[in-house]
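Everything below concerns the one structure shown next.
Note that the chains take the letters A, B and C in the order they are written out, and that residue 1 is the start of every chain.
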């Protein structure tokens, strides 16, 4: 009897600890990620399957056949071939890349300069930061509309230029095919420079002060500090900022649509606008699917190259952290404070 | 140290006037900052001031009204259908006021946010605490963010039409939830990682189940982060234009789509009305954005930068 | 290779007076220590000398040249930070070469290389040159920090608690090394520390600071044997010093003091200017300080015993033992050889020479000499 009792007592704490055994934990883990997996399957697997299928056809909802009978228009790779040999497609790709590169570069340089200006605490810094925060909060479609107003030929931008320059300035910001693409970029730059600014501000604020002071004492001037200290130490943060912003700029749609709808002609048609037009204006859904698949492939490859440096930088950081920790185990100081902040991704 | 020769004495008698301390005056910086700040603020000023301008001041040829000459709130009342004036072409052209699109915006954004939060929180917890899906899952989820939404929703459009989800609340809510789901995962993962593992283990030792430990011990620890994530995702959903544009018609479409539909109608652009609508659209994200200021960068960098 | 002169140097952070009217001269080629507890203003002083902080008032002269308007890059100082401030994204070589590479115009590559290798030899890092600094031990980080500052041959060398993170044996080694290097290059060195052993062992002269003010500036010998106030007396010394309340009284033509409440024999301090109230022949209470190493233990009934006490604890330090004693109303310490036949609980007589006694005014805390 006593032996029996003690057995129960011995087992009880164990049974009250679900999750500490390996099998249980795996089951819980699977359960936890299930809803997310379902959601992803719904918006990735289904559309991908549908797109691959429809992409092999020349189906259009105006063809008289419904979705289930799209196979009647089967034509294998004709859609892909059409896209790859289409000047319009490649021009749209080229514009997408141009917009992405220019926007992200300008945003990064401007944001970094601003962060350098504001990194030292001063009166009213909070207010200024809030000011810079606001553009980020604007619904992108709305920012497209705002700049649509600003860039009217009789609008305030030309008005301001007329006040400064001699004569009446009547630049056709949105109607001139050579100007419009740059006009479109200003919206993205206005809206997202603040993000770059905030990212870099937090990076600069986390730079170890002693190292900067040491560099000054060793005779480094402003540009030398920037070149040899600030930029290398912020490498990871800068990389993260560029990649994240680059991915977003690549997808840009709303502001362009509100500003120019891709026009005049196709002067501001990037890949997103191109796809949208093929779907909703031309209703060539089979062709649109082929293009969508092409874009997904392209982005996947680009994304692979984009994420790799982050992973590499993170490995290096972890290594440095491990080294710093090993030293800190003694009485040593935590050397790597800057990188600690960004050790996440 | 044989290579170290004796040093001449007066290296520091450098010209003091060249020192940056003497040259760089703070007001130079202040002027620069004020100029750049006003450059960034001007578009917002313009849309706000436009929303209070009467029609003749909207965009007359050859004249720019830098501020409303005779300010009015007619744009707002007309927009919301609170008042009908003969002046408003808009009122005759469209039966619906902006109230319906706003209602739709709220329903869809909130619904999408809740869905993303539910799926995202449990996934994030699974990843952070149990390493669910191995080390790769978070990156796979992140990769999703790289695809242009157009490329995803176009195939979905056929599918939606076929399964009758097209132009329904549920259809859009599911999409919103799925599109913002990666943000929730990455953000919440970074918050969960800040919670020491011992907290949930202690709760389990005290007799909680795994679920109990999660709800009673872990979730309260990330309250702030959870609220910030929720607001952040709401802002993202509220900002959507494309999905609502493609996936809905008038009945279920949102305020941004409505804004665009006002552009370039028969009567030309309805600047004042659009500006009023734009201001109303900016307001919620601006308020929420300032409320979660501290977490904004963290959110937009997927938790990579924690400030 | 320069004289540093601080005149009425003052730094206020809002309401806090971090440094308050500091006057100090560090002679050309000398090794000066700034010694004091944390928060005494020594690091702020150092930062002002380096140019990292601007003084609120006062002036700093390098060889009669006022420098407080110059940025740190123009002052030709070397600075070794407490946490080394090593550039973590560079190799050891790049760290050492940094100062030379910042020169305008930049020196030729082979010249930089020569200097880097020479300095690496001096500090003992020749083997680690190509390593990333994140792989270095704390000791090597310290060497790298030292070498990086040395390479630009600064006129003035500033070190901010450079050894506080090192392990004890390496610290002793580095102390000797630093002293040797200072002799070789002959620069003016200013060294900040809160460790009086370090300061005593290395510096030519020590400036003791407390609450932003200079307490005493002198050679280690002066600080040890002639502390100017109670703070300095207390701060210098390896074992906790003995402070006893005493009352002075007239004795014939001279003055004696007795340790209050212990029935001690009088100690003749006629050579000091002890203030006595004229009529009563007695003065205000004072504080007597005698260093533990000057306290001798004798038989309880010996003639030389001034006070009697009992041993409460014996703390062996290897070369010596610290003996903790209880008198009536006070605890004191003495240092004895480990082979002395002493046991806890023993009653002993306590003796010290009048010449080893320091007296301090309780009100001003100044020494009475």
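The rule is short, and it goes like this: contacts are C-beta pairs under 8 Å (C-beta built on N, C-alpha and C of every residue); 3 or more make two chains touch, one makes a residue touch a chain.
Everything numeric here is computed off the predicted structure, so don't read it as measured data.
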Which chain's mean C-alpha position is the greatest distance from chain A's? C
Determine which two chains are connected by the greatest number of contacting C-beta pairs. A-B
Between chain C and chain A, distance of the C-alpha-averaged centres to the nearest whole Å: 56
Between chain B and chain A, distance of the C-alpha-averaged centres to the nearest whole Å: 13
In chain A, what residues contact two or more other chains? none
Where chain C touches two or more other chains simultaneously, the residues are 71, 75
Multi-chain contact residues (two or more partners), chain B: 20
Applying the document's contact rule, which stretches of chain C touch chain A when the two form their complex? 50-52, 71-73, 75, 77-79, 81-90, 98-99, 101-104, 134-135, 137-138, 141, 148-149, 152, 164-167
Which chain A residues qualify as touching chain B in the complex? 16-20, 25-26, 28-33, 35-40, 42-44, 46-48, 50-51, 54, 61, 66-68, 114, 117-118, 122, 128, 130-143, 145-150, 152, 154-156, 159, 190, 193-195, 198-199, 202-203, 205-206, 222, 237, 240-241, 244, 247, 250-251, 253-254, 257-258, 271-272, 275-276, 279-280, 285, 288-289, 292-293, 295-296, 299-300, 302-303, 306-307, 341-342, 344-345
Complex contact set, residues of chain B against chain A: 20, 26, 29, 32-33, 36-37, 40-41, 43-44, 46-47, 50, 59-64, 66, 115, 118-120, 122-123, 125-127, 130-133, 137, 139, 141-159, 161-162, 174-175, 177-179, 181, 185, 190, 193, 201, 204-205, 207, 209-210, 213, 235, 238-239, 241-242, 245-246, 256, 259-260, 263, 269, 271, 274-275, 278, 281-282, 285-286, 288-290, 293, 296-297, 300-307
Quick one: which bits of chain A touch chain C in the complex? Just the residue numbers, please. 208, 210-211, 213-221, 224, 228-229, 232-233, 235, 319-320, 323-324, 327, 330-333, 335-336, 339
